[in-house]
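Structure, as structure tokens:
All chains are identified by letter, namely A, B and C, in their written order; residue positions are counted from 1 within each chain.
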Amino acid sequence: MAGCTNFFLSVFDYKTEKYVIAKNKKVGVLFRLFQLGVLAYIIGWVFLTKKGYQEKDDSIQSSVITKLKGVALTNTTDGGLHLWGAEDYVIPSQGESVFFIITNFIETPNQRLDYCAESIKVPDGHCREDSDCTEGETVIAGHGIKSGRCVKSTGTCEIYGWCPVEKHHKQHEVLLEKAENFTVYIKNFIRFPKFQFSKSNVLDTNNDTYLKRCMYHDTHNPYCPIFRLGDLVNWTGHSFQDMAAKASGGAVGVLIQWNCDLDKDYSKCNPVYSFTRLDVNSNNSVTSGYNFRYARYFKDTAGLTYRTLYKVYGIRVDIMVTGEGVFICDMILLYMMEKSTFYREKKFECAKYDSLRCRRNKDIERKMPHKERAPKRKATWKGKFTELSTEKSTALN
Amino acid sequence: MAGCTNFFLSVFDYKTEKYVIAKNKKVGVLFRLFQLGVLAYIIGWVFLTKKGYQEKDDSIQSSVITKLKGVALTNTTDGGLHLWGAEDYVIPSQGESVFFIITNFIETPNQRLDYCAESIKVPDGHCREDSDCTEGETVIAGHGIKSGRCVKSTGTCEIYGWCPVEKHHKQHEVLLEKAENFTVYIKNFIRFPKFQFSKSNVLDTNNDTYLKRCMYHDTHNPYCPIFRLGDLVNWTGHSFQDMAAKASGGAVGVLIQWNCDLDKDYSKCNPVYSFTRLDVNSNNSVTSGYNFRYARYFKDTAGLTYRTLYKVYGIRVDIMVTGEGVFICDMILLYMMEKSTFYREKKFECAKYDSLRCRRNKDIERKMPHKERAPKRKATWKGKFTELSTEKSTALN
Amino acid sequence: MAGCTNFFLSVFDYKTEKYVIAKNKKVGVLFRLFQLGVLAYIIGWVFLTKKGYQEKDDSIQSSVITKLKGVALTNTTDGGLHLWGAEDYVIPSQGESVFFIITNFIETPNQRLDYCAESIKVPDGHCREDSDCTEGETVIAGHGIKSGRCVKSTGTCEIYGWCPVEKHHKQHEVLLEKAENFTVYIKNFIRFPKFQFSKSNVLDTNNDTYLKRCMYHDTHNPYCPIFRLGDLVNWTGHSFQDMAAKASGGAVGVLIQWNCDLDKDYSKCNPVYSFTRLDVNSNNSVTSGYNFRYARYFKDTAGLTYRTLYKVYGIRVDIMVTGEGVFICDMILLYMMEKSTFYREKKFECAKYDSLRCRRNKDIERKMPHKERAPKRKATWKGKFTELSTEKSTALN
């Protein structure tokens, strides 16, 4: 019964750690220097340098629209003079963030569905006699379905497919010579949804001719959104001519980074562009290039379909947008963080017996009506609470 | 030798912090209230409100398929009556998450590769005499390659290119008037790979006509995946007619957010749609619109190529999917967290000398065979371990 | 005045927590075991297993290029024999990370802009008399604009549109039978920008024929980047034939995961592929498939436009790349972490009075010139700093 009451009473006792104080100036100064260091770290590094009081939004919303300008003339034995505009050499034409620019091409005009010999370049199409060409079988990595006959003149199976089959000759010069001078206009709109902040990489300017004349350069003109294709490739550390001609194409990444401190002025939030070649391996050896095929279909007067097949080589550009915006966080939290630092400093109260301060403590003590007067001390005591508990103990003893 | 043994023995001493207890009810109650507050915070806020026991998966996998419906009739002086279906006005046609809808267009039919005068709108094409037009030079931002002659009638260089060159007249009315009524069906499949959870934004319903008749509305019909294009644009806070006609196009973002508590019922995990205009600057001024060109190629009976060039204006829609799923985390961890809170509460044992409890402590002590009996105490002592060490010390003294 | 000086002096006092030591071997061993456990956890789990000393880069940059190979022959009553190559059955043709493969199609050739009866399948086009067909009104979910007349023979309104209207018959067999054997070559280049690390999923090999012959298999050949389309679909747990024929299409996700420990050898950083069906609901019921329409435009000798409309069904493949790279972090931080663990171990100095060690302490004390000699002890004391403060207190008492 008495135990229960005791237990219940003791629930409301206040327990705290006991501190000891060393009146050693050397150690004390070191200790204070350490505390100052922690404080300086928190205020200087976390708050001022790293801006720990700011809220971060890394869920950037981005929309990229691209537009290419420039024309190039090609002169091939098959096709003669041909003028290429952006509507032809950019695929897809609608200005997406990933696009392909044709620099070389192989044209196979007037293909019709018919029977003809498979290309000698296709291993599975080789034959010596008709029995090597099973009728109805697909030529692996080939151009059609085997008809069952072996064409002696070429040593390949006869196939049903688009005839004549594509010529497998490799281009050694850039057909679209002027491709280096094409310009890429990148419009990038971003939004930090948390802060309702929108911005574009195109400067708000009243000067209409600015966008017509400017050209991006990382130091001279870092905010112009128009890039010369040749420069854009060269900035990756690879030569445009090598990529377009020898390597028959490649993939280039344009990285747009928006790291914005939204506490600062609107005009200080600007993108930083960087350029990398994407299709490289560790030893910087490039892979076999980038090409694909597409066809244009026509109908003759009899209504029969024929087509022109294009195998195109070129440069693929991937525009990748990353970024984060920071903004001052809730004042309440900020206030709490300030307080807590302050509080931590104030937490370790005077615990050492010393004439002036402990006299004050004793005076406070005396004014508390519900507490017994402190007895004459025999033992050492180290602070207010230690003292109280000491009294109690000695009393019980 | 003895020192070594002593050191070795002392390795297995148990060190703990020393506590003092204040038998002050006011402070004690405050202290307990503070502890209760921390406990309430952990249980109420971290566990119940913030669901701290749940695991998060923010690597949402998403696939978006779109389909547009609706037809529009245009009547131009050049082309006459023309009916536009989704196969024509949506680019690309395969229903991707980023697509473009034509609302206006300028058609330049029957272009052939030939020599003709450059457009008067191109500054670099202006000339006074033949020497202004260097043969073989590209007209900057123009339509072809200079032939070296100056066409007096227009005051521009003669070029080799697709002739006649595109007419630069601006549209002032929306040609595809009915574009506002086109419907966009957005199928969005998501997956939280960590929890093997899949869902679609299309309701599982046995009612076949539901999808044929419903139309999304943020309050009346928030789960219908079919959107009227005009509404979709207007919900961004911009007028469809303004965007499509005056501003000659724009970009709209449709954000689908999946924030799912997977502890709840499957039917509670639903997407929230929001709509923003992407091509705006801070002052909400819109940029110059969105357009691009594409061409359709034909061959005449003689096998010569000609084409129809389209410059199309319109609305680009970017569908962006974000989201995260939360699910109850490992029971072991949960158990551990519960235990640790429990443990923390239990950690601060009775350390104050008080008749009942410390008598128990002494009894326990007596039962330990390897320990000397506690001597009569002279000094104060504050707890079990303090007591033990005190005994030892006095014994050694 | 004296108070001020006292306060100023006391600022440089060193405060620390007071420890007590229990010379109880059982408790001591338990305590050491607990400490060893914590240490083992930190070293074994955090450092060795979880590699807590490594820095993480989860902002992977990725570029995906795809290429399909294979041909298929179709034989339809309308179109006769037709050979499909990758340039036809892959949309878009430029090898993006999201692409569509045609497996079935409905061809509507020779459509011209004209007046004809609406399809019976369109509910809004049904009519009994001319007044049911308001002139100039769009047929909802239909193919054109009502002309105002009702065609008695079909019971539908006459429309102006592309005539004849598309046939609404459903395919029940896979037209591109061989689609299962198409191969998908996925080139994936990744980069961890923080560590300047690039890699491709295509092995660096001198064996030219490796890529020509290999075929991906999760156990036999996990690093070959060429996938058989049928396998790719079947690995999602759904049958290719079902998806391509019965369900008339679907969407498949190919997830490429790069989780690389860049401390290890370059060759150890390899992608892991996984395959999921994206267009499923919770009950694994598939949705109505995936289809879209596109048209090819032609001009007749009179210059009039006609077209062939294709409604295509098929399989959409979304290639998603995720990953993170880890690398050993700053040596300074690592050193600090090691030190702090070391320091924590060293922090709790001998605090117990014991002949050897405390004699050493006293010796050190004696050598400090600015400190009074330790008095003969009467009371117990527990450590260096306690002792010092005790001295001071007794002195002041």
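As a working rule, a contact is a pair of C-beta atoms (placed from the backbone, for glycine too) under 8 Å apart; a residue touches a chain by one contact, two chains touch by 3 or more.
Remember, predicted model here, so these are calculated numbers, not experimental data.
To overlay subunit B on subunit C by their CA atoms, one rotates by 120 degrees, a value rounded to a multiple of 5. In the contact between subunit A and subunit C, the residue numbers used by both copies make up under half of all numbers at that interface. One inter-chain figure worth recording: subunit A and subunit C are separated by 14 Å, centre to centre, where each centre is the mean of the chain's CA atoms.
Within subunit B, contacts with two or more other chains are made by residues 17-18, 92, 298, 301, 379. Put simply, subunit C touches subunit B in their complex at residues 17-25, 27-32, 91-92, 98, 100, 113, 138-139, 141-145, 160-162, 251, 253, 255, 276, 278-283, 285, 287, 290, 292-295, 297-299, 301, 303, 309, 316, 318, 320, 322, 348, 350-357, 377, 379-382.
Those residues of subunit A that touch subunit B in the complex are listed here as 2-3, 6-7, 10-18, 59, 61, 63, 65, 67, 69-73, 81-83, 85-88, 92-96, 110, 178, 181, 187, 189, 191, 193, 197-200, 202, 204, 212, 266, 296, 298, 300-301, 370-371, 379, 385-386, 388-390, 392-394, 396-397.
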